[in-house]
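As written, the chain order gives the labels A, B and C, with residue 1 at the start of each chain.
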Amino acid sequence: MTALPLARRREFRLGTGLGLGTAVLYLSLIVLIPLAAVVWRSTDGGWGGFWTAVNRPDSWSALKLTVLASAVVALVNMVMGTIIAWVLVRDSFPGKSIVDALIDLPFALPTIVAGLVLLSLYGTSSPLPVNLAYTRVSVGVALLFVTLPFVVRTVQPVLLELDRDMEQAAYSLGAAPATTFRRIILPNLAPAMISGAGLAFTRAIAEYGATNLLTGSIPLKTQVAAVNIVGRIESDDPTGAAAVSTLLLAIAFVVLLGLDLVQRRSARHG
Amino acid sequence: MAIEVRDVNKAFGATPVLTGITLDIAAGSLTALLGPSGGGKSTLLRVIAGLEQPDTGTVTINGVDATRLSPQRRNVGFVFQHYAAFKHLTVLRNVAFGLEVRKRPKAEVRARVRELLELVHLEQMADRYPAQLSGGQRQRMALARALAVEPEVLLLDEPFGALDAQVRKELRTWLRRLHDEVHVTTVFVTHDQEEAMDVADEIVVLADGRVQQVGRPSEIYENPANPFVMGFLGPITVLNGQLVRPHDVELSRTPVDGGVEAVVTRIVSLGFEIRIEARAGGADVWAQLTGASARALDVRPGDTLYFRPAATANALTAVPV
Amino acid sequence: MARLPLRVLALLYLLLLLVLPVVLVAWRTFEHGVGAFVDALSTPNAIHAFAVTGSVAVWSVLANTLFGVGMAVLLVRHRFPGKRIVNALIDLPLAVSPVVVGLALILVYGRFAPVGGWLERHGLQVIFSLPGMVLATIFVSLPLVVRAIVPVLEELGEDQEQAAHTLGASRWQTFRRITLPGIRGALGYGVVLCLARALGEYGAVAVVSGRQVGQTQTATLFVEERYQNFDTGSAFAVATVLALAAVLILLVTKLLRRKEVL
């Protein structure tokens, strides 16, 4: 750094401190302290109280359904997302750029509108001979909608950057296109696919608005964790709500940690 | 003939890239496709490899018509300018790839890979990833990988283009020695005439998508087929509408028959040689002399000298620009 | 490589999951004509809901833009202990369920909570009122502006700013004349993302607002409440408006991103 007058240099440090302090205060008041309050509240009854709250039949069922459905949905969208990304990058057809823009719709659409939208096509008054209302499958459909963009958007840039020479090298060495895909392309896409699936999973377990209308949120059957939490808040059980919330946060945290490890490993391969 | 190219034409859209290419490449030879960027050499190489399809014409490899064969079936090894290393595989797995894809038994694969890594002096790096290797090492790995499946033909696309000058020179020598050991028909693409002259048995000069000349390095240098080839392979100067090598220019203080009068503008010492730059009319001319000859003349800037091609010089009529 | 089947599979999936449902809602909305559509949007509750959504969005976008720019500059241009932790904490909101956000804010700013109680005694009601909804919306959209600006700021490099300093510009002048113009595109992109998130927020505000019709009801809450009360006309109308806003925002972000690439 060039030698600035001493007064300026001190000004820097003071300014940094002030700015940082303000930013940290903002973060604390809005994010950190409230989240800490949730975790703190969940310990109100000690470990025993925590597990009792979480183990209540409706909450436990909701958690199981949420985690299972989110995992399945993450895997399905991992496959479909990769296919869609492949088609967007390697294929060309009229209207492709519109399709590309559409992918982000679930990001932009309010979740309650997504719920309404899915209800219209897959609910009771649907023009199609399909009625998924009040079924567990409907939870999956809602989550599929909401998590659609994640894998597509993480895989697309990797596909775009992929060194085509590698594929051609594989061809010149005798590998058929399918073999080349399996041994060369897929391993290079895998980190992005896993990353996208992980993000999709953490998004799915948090989902509230899209599931309500179509699933009916029937306790013990089609109720997801977020709906269960709201139920407990509204029935004046903030401790129970905090317990289920803390568990959800812990699951998300573990998944994100795992993703970070995957990222680091793949970065080593350059 | 290991490779026979007959009347290959290729265009990208409306732009012709290869026009009427007819070529023979002898088995076991080391041939350079030399030419300026955009001249079509890489495209021709890729057509031979099967990575591109010609619009018309045929490619025959060791007697077999390969024109419509996919690259997998041609048994041609290809080395890319930017290595095309399989980033997610170790050096060992990279080199083993072609053999694994052919489902060879593990013991055979292991033995052959070890043999090749020793050949390219990368035995220590077997368990490293390409990202951990230098550029030169990556290119040696790419060569080993291509040779692993015992190709009939080895094709290299500007193999040293992405490397430092020093590494480039080393690998050049190394490639020549490798070829002497392995004797695979090898074709490499370069835009560096020094590289082509240093390494190759035969040079094919390509420009504007056409073959300009084919021959041994000395032939092409001394008997260039046209002004372009002459200018591309070595330095030239123009005297009286004739292209001459600066080494082949005679200088005298007195007017001579066929000489061009020019005023010396600059004298540059190139170590063992002296370059004399001068202005004749509106054009620049120059000559290159040994130090002794230059001292004998005792030239200063501003002197008037007469430039003329030596009797033994091979002068070509310049094509009017 | 199996081009056509893949294309068909991808397009069919998108059709069934994305396109058809949205088209169907638009269809149903205008089934009874544009007049009915406009009527449904003109009821006092609907208008009030839009107003609430609008003001919540404006406040939260403003707050997060200021925070976002400041935080981005701090992260990229300054060194301080614990930078990696702060960096990770900024992304935290993305992993938190919106209803948990609501719960978290209630536990701190609710009437019976320490901070909330104190504020209420001094006349500021947070939960079940606008400030709480603004806080919730700020929470969920916190990282968006920061994350949009950081990569661009890194790419810009410090050279220009240092040149400005050597020419005598104060830090504020440098920021206003050199840094800000440099990140304009990214800032716009981040703000638009933040706005989209704010307009569409549902879960967090549902918990924190008490869903009081005509008072703390946002457009999204309006959609749900009307639907539950069998007033599908109003629900679909407002939902379509929100969907159109979403599509519009999508187009704007595409345009902004293309300008970035150039």
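Just so we're on the same page, contacts are C-beta pairs under 8 Å (C-beta built on N, C-alpha and C of every residue); 3 or more make two chains touch, one makes a residue touch a chain.
In this text the structure is predicted, and so the values were computed from the model without any measurement.
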{"item": "Arrangement of touching chains [line / ring / star / complete / other]", "value": "line"}
{"item": "Chain occupying the middle, per Cα centroid", "value": "A"}
{"item": "Whole-Å gap between the CA centroids of subunit B and subunit C", "value": "59"}
{"item": "Gap in Å, rounded to a whole number, between the CA centres of subunit B and subunit A", "value": "53"}
{"item": "Subunit A and subunit C, separation of their C-alpha mean positions in angstrom", "value": "17"}
{"item": "Complex contact set, residues of subunit C against subunit A", "value": "1, 3, 6-7, 9-11, 13-14, 17-22, 24-25, 28, 67, 70-71, 73-74, 78, 80, 86, 89-90, 92-109, 113, 135, 138-139, 142, 162, 165-166, 171, 196, 199-203, 206-207, 220-221, 223-224, 227, 235-236, 239, 242-243, 246-247, 249-251, 253-254"}
{"item": "Residues of subunit A that touch subunit B when the two form their complex", "value": "163, 165-166, 168-176, 179, 183-184, 187-188, 268-270"}
{"item": "Subunit A - residues contacting subunit C, complex", "value": "1-2, 4, 8, 11-12, 15-16, 19-20, 22-24, 26-27, 30-35, 37-38, 41, 80, 83-84, 86-88, 90-91, 93, 99, 101-113, 116-118, 120-122, 127, 141, 144-145, 148, 177-178, 181, 202, 205-209, 212-213, 225-226, 229-230, 233, 238, 241-242, 245, 248-249, 252-253, 256"}
{"item": "Subunit B - residues contacting subunit A, complex", "value": "49-51, 70-72, 75-78, 80, 82-88, 97-98, 101-102, 129-131, 142, 145-146, 148-149"}
